[in-house]
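Have a look at these structures, which come just after this line.
What follows is subunit A paired twice: with subunit B in the first complex and subunit C in the second.
Let's turn to the complex of A and B:
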């Protein structure tokens, strides 16, 4: 069960590229990005490990169930809606950027909405599945992506055109104070732990997450790779010119042998999978939050056949994606993403504080009346 | 007795109803000669009754011989007769004598799932023979068999076979529940039964595995699966099944480990090629030639120089041709079959390309698709893959390369979404999860 958690950490850590995180960091590469990355490792790990620790007090329960244990339903519902909205916004932004990237690099002549339709239909289908299905799919898709990732990483790190000097120069600027937006971006690499808020439902009662030490390492790796490799390829100044910086970086490498000549396409294949995984999880998590906001809802990780409500809720999400893309253009989506990253960062901090309060409360409850607190946990865990 | 039976059956000409008199006493006898083993009946009943008649011995024989079963319930008589028993009334008591005529006395040869060095025997269309084959291979007291009769008209006997120790209880309950809920008129094939209990009529992939190999059924039983066998079909239905089981041929277990693994790897590659190659061709011709190496893109496009219509039309033409060829070579009688293959092969291989109707690369694509589809060891799964490739073709027609990748994603999600009798269809490392946690699903 451990591994399922790390799959989420993995793909969300990789998704940063679709949310302009490298671009934001690279914009501030001389004023605080490096220190922001280093500080981000500390802050991100504290957020992640703190939340994981708090979730140990709530075996087999997701965030909605925990929330309902402590606050009345009319308070819980708006909180769930706002959480849902936050994640949905992330998903919508990622879809938009993803469809833009694909439009630019894959099918430049294709109508943007036409393409968005495909992604949204796929997201609606995959998001409306049951929680266990999503869990299984994440695993399979992860293993589909890994060879691509390793190959691209290998290709990049051993590329003769990768200028280690440029990397060293930028790495020297670590004495500056990072801005809030840099901090928000650099903690995004660690956000994968938030999957626990929903997928904790599936974890067995005696579940203890192992290898927690690897979270800082994984996050740091994602951060350094997505920040420094573009610098190595494009130089300390040149990197700033690109918005879709990683696509261009991948296009700087080429394969001498093989059917496919440009690494860009391997990169895009991998990112199609990763973005679809992200979309699937976002749609699914949001759907579960909306469903949980109804009082008396019982979470069902396994539901077959797929109920109609799933389709309807995910359909609404799909429509929201469309509406956003009507409003958005490159500049606007960029601006929105930056704001979203900051809100997300603040939300994570609030979330951690909230979880600590809940954990303390449940500890008190169990120490004062062990028989009483055991009961709600058992019923809502089912 | 005879009046009752004639009242139920009318007077069919293939039913023998006789009152036999040997001078001392008389006996009523009725049976279907076509369904009974006449020699057996003669040896066991007619000889002792006629010229070796001894009333005491005859009575003793009727009472003690296990092939004579006393049957006092008249409503059961027609059923017994139809199953191939002979009914005889002696001194006011009705006995049923089992002398079913067996057409098959030896196991069949594997035809669908051939194996090079594995066992060559296969199930037959006789259920008792099949049980014999299975008991021989799975010689354990824990093997359990429940019998059930389904089908209003066909009254097919169905055996539910499983290992009492290893079987997954929830799946067993589910199967029994579903078997009880179905009420078909005729059950003639294992596939039909699988579809009836499969509960997913529109599922794109089979969720039960049909096999004609006793060794495979034995292996699956050992892993806790359930097998359904029915009279009149040489296939057993096994369930719950996982995606990976379909890609597994029995030969893999009989060859050295790494040889088996390599063959399995080839099968997966073949499956992927068979599904995506036509779609990739469309993507490469019409949308994203730049994805592939320049030389390759040029040679693909160059070979299409004479073709007057877009790539997807070409793909549909060729795929239709190859499907028609495969179908016809299955259904046609042996003598004509080779003609079809020759004519078809000639057209597909040479003439179509020279006429400029399709490109030469498309011919290679078509044959790779056809051949790699045959790599899949299970025929119902290979049908699924054959159907799947059209989804890819359609998506690629509209979206090119990205469409194919998204379609792969969707198929993975769909496969993970499927459940075979409550068990996940595509999931890896499940055993380890179950070991780590005692959590019920």
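Let's turn to the complex of A and C:
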């Protein structure tokens, strides 16, 4: 079961490119991005590992069930809605950027609403499946991405045109204090752990996540790769001029012996998979939150066939994506993404505090009324 | 079933628009930009368009050239669409030729069109056309198998691996135009009857061309800039004969010492076999020959580096290297700029001759 958790860490770590995280960091490369990345490793790891430990007290339970154990239903519902809104906003921003990127680099003449429609239809379909199905499809999509990821990484790191001098110069600016938006961006590489809030439902009762030490390493790797490789290709000054900086970076690599010369296309295929994974999970998690807000709702992670409510809720999400793209343009979506990243960062901190409080409460409850099995969380099972 | 049918129908709707078939497109294979005589429309844009055909034999490539004068490159290309019957497609345009006079008079900002266009590959090649870009475009080499192929093969070691042909990619050039401590480099394409000659290189600062290297210097430059093998090392002997070594591998390392003026040490190691030599010369004095070759090479290289330095350009990125070695900031770069014209060079070469070839 460990691997299902780490798939989420992987794809969210890589999704940062679709949410302008490299762009924000690169904008601040001379005033605090490097220190922000280093500090982000510490803060991000604390957030991730802290939350993972708290979830050990609640086996087989997602965030909605835990919340309902401690607060009355009329308080829980708005909290769930706001969480849902937060994640949905992330998904909406990612779909918009995805459709823009595809529109620009795949087929400039095609209306970008068509790309949007394609990904939204796919997301509605995949997001409305049962939690178990989503979990398995994440695995499949992940393994489809891996060859592309390794290839592009290899191609970039061993490229003779990658200027390690430029990378070293920027790394020299580590003594500056990072701003809030830099911190929010640099902690995004670690956000994958939040999948536990829903997928913990599927973990067996005696589940203990292994290899937690790898979370800081993975996050740091994603952070350094997505920040430093564009600098190596476009220089310390030139890197700022590109909006879709990673697409352009992928385009700067050259396949001498491939069917195609441009690595860009491989990169876009990989990002289609990653965006698909992200959208599927966002739609699915938000849908489950909305459903859980109804009093007396019982989670059914393996429900088959899919009920109509799933389709309706995901359909509404799809419409919201469309409405956003009607309003948005490049500038507005940048602005919204930056704000979203900051809100997400604050939410993660609040979430950790909340989980610590719940964990302490459940420990007290179980010690005041010791259960027969001796396992603290068994008393709170459904 | 009904759901699947609806989804499929939606897909039909999506794929219908925006696509244009291959036979309704004109593939641009080479783009040339020159300076025109008309000050209101300073750019003369020429496109070499491929006439597609099913044949791929040597000599079967056919192209046509369209030329227009315009106030900016974007306007010119837009206007050119009215001259042709098919949609222009830049996705396969891998070579961009800039006229020499254009580079001397126009600011590089006008060139941002190339980097901004989304369908132009960042890995396309840039070069200077001599005497102008249009005359380079007009050349149609006999051996060309498909349109524009001859120039594609010349660069990037794809076809010929000439030690004189320096490759300059779009992303590399736009980085060098902005970066502190490294300057752009462009190869020069000259025309000769029905072929191209690409054996010179033009060194630019951030605004204008400053220096053109001779073919010999270009080879030296390429040897340390891109560590290219398949180049040659020549030692003329006293009796008029020459010893020529093919260099199969070369490594160059740069160290910069911070003093009252920076001392730039370039350590070069190369190895190869002799290709031309008087008989039995190597066996008489193996190490002596290696040392003489190395000394001569160091001297040539030092002269070249001084020549480049005196022209006020830094194509090898010594400034960048300096900043990265000492984690330099703004102040260090200012200091570097003030002392670079007096920088000292120290080239240390280590030549290893592997053997005299097949005969003694």
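By our rule, the second predicted complex is superposed on the first by the 370 of 382 C-alpha atoms of A that agree within 3 Å, B and C clash if a C-alpha of one lies under 4 Å from a C-alpha of the other, contacts with A are read in each partner's own complex, and residues count from 1 in each chain.
The rule is simple: a residue touches a chain if its C-beta (ideal position, glycine included) is under 8 Å from a C-beta of that chain, and two chains touch if they have at least 3 such contacts.
Being a predicted model, the structure only gives us computed values, none of them experimental.
In the superposed model, A:206 makes contact with subunit B only, not with subunit C. Of the two partner chains placed by the overlay, neither subunit B nor subunit C lies in contact with A:96. Contacts of A:139 after superposition on the shared chain: subunit B is touched, whereas subunit C is not. In the superposition on chain A, contact of A:118 is made with both subunit B and subunit C. By the touch criterion stated above, A:190 is placed in contact with neither subunit B nor subunit C. Touch criterion not met for A:317: it reaches neither subunit B nor subunit C. Contacts of A:261 after superposition: both subunit B and subunit C are touched. In the superposition on chain A, contact of A:5 is made with neither subunit B nor subunit C. When the two structures are aligned on the shared chain, A:269 is found in touch with subunit B, with no touch to subunit C. Shared interface residues of subunit A (contacting subunit B in one complex, subunit C in the other): 107, 110, 118, 125, 261-262. The part of subunit B that touches subunit A in the complex is made up of residues 287-288, 290-294, 296, 395, 398-403, 405-406, 408-410, 412-413, 415-417, 419, 424, 426-429, 433, 436-439, 441. Contact residues on subunit C toward subunit A in their complex (touch as defined above): 7, 10-11, 14, 17-20, 94, 115, 118-119, 121-123, 156, 158, 169, 171-172, 174-180, 182, 226-227, 317, 320-321, 323-324, 327-329.
Of all residues in subunit A, only 1, 3, 60, 102, 106-107, 110, 115, 118-119, 122, 125-126, 129-130, 132-134, 136-137, 139-141, 143-144, 204-207, 258-262, 265, 269, 272-273, 276-277, 280, 302, 304, 306 touch subunit B in the complex they form. Residue ranges of subunit A in contact with subunit C, taken from their complex: 104-105, 107-111, 114, 117-118, 121, 125, 160-161, 163-166, 168-169, 171-173, 233-238, 241, 248, 251-254, 256, 261-262, 264.
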